[in-house]
């Protein structure tokens, strides 16, 4: 299969290149970037020296449609909504890593992103690609979920799908490494500001909240809202979410584990930790795993769920390839079979 | 005033030395360590070269009582309970930084610490030294609070003292830098394990929970329990607590800020952040400040409180000196008037 | 090909497992550890959960010889010299990652390592496995080079092999990440001591000096000694060496680059940087590359060579697999074709 | 004494404020910034909340001359050369932290800084403020040395002043924390690029080279050039320089230490480490110390000198205050008597 990557110079694009390099059935046909053309990626990213021959090319849809079967869109939100259209129209497989096609409700998009939404008929076509819970495994146009959304939804799915929790009790305390902010330097990614620091940067205002709500309410209509704050911790890769919910009825630690084990029985990238064990961010670094730990506190009737992912892999490029594998009927772990890099 | 420090080679002891060096009314008379004697601290800690003349001496209570007015105990829990007694008996000022005299109920101590408790009559004498909320400003025997307890209690005090919150709703998501684990190397402080990582290490089982409960229930008897997890983040100094509570009645953002501003009006080391602003760990590094940010979410009826401290200063040595200043009627900020080290 | 790994729970062993997982022609037959038996690695290393089925077994040489074609020894120095012997005797491929078989002169070993050396006849049999400069590509018993030695020798080889430099002028300023110290916690790997710090820990006394000298003097007998200091920098993986030498005769920047380009023309894992460009540690993370940058200063007649590797890959497990690939006539990059993990 | 700080919002200015806060004889009269006016610093830097009342004001020289005795210029190079002039003319004490007045030769400035130099008569008036080796202790116009220059010159002074070394042998391998790059975000200070990384960013091209040469040749005219590279390490504060020189004649380790001990006998901020001991960056954090370690290698006839400073203190604001203390006849350690922040 031939693929093109639009937005190849961002962190999402780089990670697609890294992972696809190991994929047995995919070749990268063309690479594209808005910020650079007619140069090789290795000019900007010396780690790629000797590895990646394709130069960065202008985006010529006709040419891409001719050369490729699949297009990954790894541009920022607000750009993908225009860039993606020709390939969808042409019937190519399209996997968009941005937020532009995740929300079915265009007004919600405009409220949370502060930008014009994609055309409604395209929004309707897009399949929300939470890989473990896809509605339509044959869909060829995928809105790949946000990193926080992935960690949060995989953490909540088993309980919410069975409507086991008090719908007003969901609190998500999410922490992210700095790569989540992308490659453009800013005050909040400046080493001297972020190193030896922790910063709560969005209080109930992160743009992943509406896609989380959209999915949660598919599973349990009674959920009115969630409490959701995001903080930066001084690591490069990784998301660590601590989720607090109250079950409608008391539950044992064992029942809780069984529920999660059975829900993810066939999910090769979700690993439920043993009782009294909580995952660390580092145990999934550079891999497509989502690791989940669970606790129930009888005294407070609170379930704590800890879920960790690598934001650039399971939270972006890895899940995108997992979605491609599902869509193309490749082995689910093709290009993703890495052991996490540890230590 | 002459002071002795027992446990001078631990991080708490070192920080006492650093801060007292700037104190206008205190001289260090003697330094003591169980692990080293007849040597100078600079042999172990080159940052002290040329600064600290006192050698490390054996603990001779008679001599300490003769030479000093005040004794700081900076040993681990389980040791202080024996070491402190002669100085209490002799009527010296005693400030214990360990957990040994914080809990009035000796059975609670034995359950949470897994060690024999201090004698009951000494427990009865000890004043819990949460500096902004001391019961008895004349007390001369202080059980200095734990680092997590300080950040949590200062964050909750204004709401809990006025009994404004649903007593079953308290959730504390606490994160700490690695220095909280002390100077003894272990797997959980190994650089390669902690760097680029985040780890939830105690789920509702941290030994600071009972002292938090003891103080909270003094303010509001109806609180049955709290949800409390602690995680390590890869920084050296600092505690970042995110606290979630539900108010009994809706509250405005403005009322919330006014409540905190008025509660801490005369507290020179507590700084309430402006609306929509949350403190970062780094803005208090190496200082005695506790900075607090606040948010109220109408949709979920959740108040989020973020409180940050330097665990070695406000969470240990700094608060100990603040307690000394209160007790001795020194200016409250003597020895503590540092601007945080930034960046 | 079936392989066994002895010392599977150390960082070298873990990295062998990570890399061999991608190798097309190798299966791990058995895993062994001195510190643990009858358990799975995932009990100690949660990043391996679901990945590695082999339990940790006792070291039974007869059984290993029966089950495996190749044995990797990833134990500390001083242990390998005994452990390796049965497999060498039995004619298996043996690749030792420790320092035990690198030095031909057993007295030198005993001086620098402070331990009894391996038997002389085994020392004589061992091939020093600097992969780009192997003497004997058919050798089946490999002493895999040290991490500092690899970065230093690859940096110096082109100039020294042609005897172009003043033999008394070599100065190596080497810096390493903390994983080089292994998995056992100690003061020098304690997060609070190493984070935000840099420490020169061995001044002309590192045990890799004799193997560097052994190889350099093979290339140029006139080199009497090198200046060699090693420092720790607060990163997990990576070695950054800055090497200073004076050429016998002035050289142009262009000649210098051509010399290195031509020397490494067929070396797929050595990448010479463009003029005025120096490699960063991060551009080789988790990969088998050694990247080299070069400068010549006319004013001082000094050549500066910067070479970087990932100490656990090219400096240990990766080079070991590269040596296996050479020996077994596999493609040189089998199991090693990773794009570096970036950012 | 009343002082004004021009450039108060940069890292140098912030550090002046932090240190002067502890100075017994200095009050900050006015604060100035080009980037912000009519606001308080705490709006930008929450660590200063409650501490610093002076608003940021426009630069009105007449007013500053009226209100202040001393002006610190903490602007970037290229700006100071204009800004400083009125205060020099008015006879105020002026301490410039930039590079604008360090080089006596204006052509050298223009070559290395790529900017127009300050007027020659002002260059002639400026005293190069290497505090331990001031020519004129009464000078009231100080060009405060660069951070790398300070660490390098204090490391070399004892040997070079006595002309004991081969003048062609000086090699300086200098490493810096990221705060040296200032507060403006850029690719080279982006967390994801610098964290877990080390980068050599200037090869014999750093603008501190000419001031180092200017001072070294004052001490030993025969020095023709130095080899000088600068690298970034992932820490916030600190410079770690490793300096290699060849003595003209062999020297013993003991003689070497005696030479340094005696040179710095009366220097309260230079601490010579014991034999076989090398300073770490962290042992001087947030303090004005320069710590120096020494080794002589008989085999290679190389002396290695390790010198460490906090780039923002001894390498900038601290040395500036030390220069003020010398000039004003204050105690040399006034405002600088901090114990380093450790750990």
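Note that the chains are named A, B, C and D in the order they appear, and that numbering of residues resets to 1 at the start of each chain.
The rule is short, and it goes like this: contacts are C-beta pairs under 8 Å (C-beta built on N, C-alpha and C of every residue); 3 or more make two chains touch, one makes a residue touch a chain.
Computed from a predicted structure; not experimentally measured.
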item	value
Most distant chain from chain A by Cα centroid	D
Pair sharing more residue contacts (C-beta pairs) when C-D is set against A-C	C-D
Distance from the mean Cα position of chain C to that of chain B, given in whole angstrom	46
Approximate Å spacing (C-alpha centroids) for the pair chain A, chain C	36
Whole-Å gap separating chain C and chain D, where each centre is the average of the chain's CA atoms	39
Shared interface positions of chain C, touching two or more other chains	11, 179, 183, 192, 196, 234-237, 280, 282, 285, 343
Chain A-facing residues of chain C, complex	11, 14, 17-18, 21-22, 45-51, 179, 183, 196, 236-237, 268, 271, 273, 277, 279-280, 282-287, 291, 337-343
Complex contacts: residues of chain B adjacent to chain C	11, 178-179, 183, 185-187, 189-192, 194-196, 234-236
Residues of chain A that touch chain B when the two form their complex	168, 171, 173, 175, 177, 192-193, 196-201, 203-204, 224-227, 229, 231, 233-238, 240, 242, 244, 276, 278, 280-282, 285, 293, 295, 297, 299-302, 304, 306, 308, 343
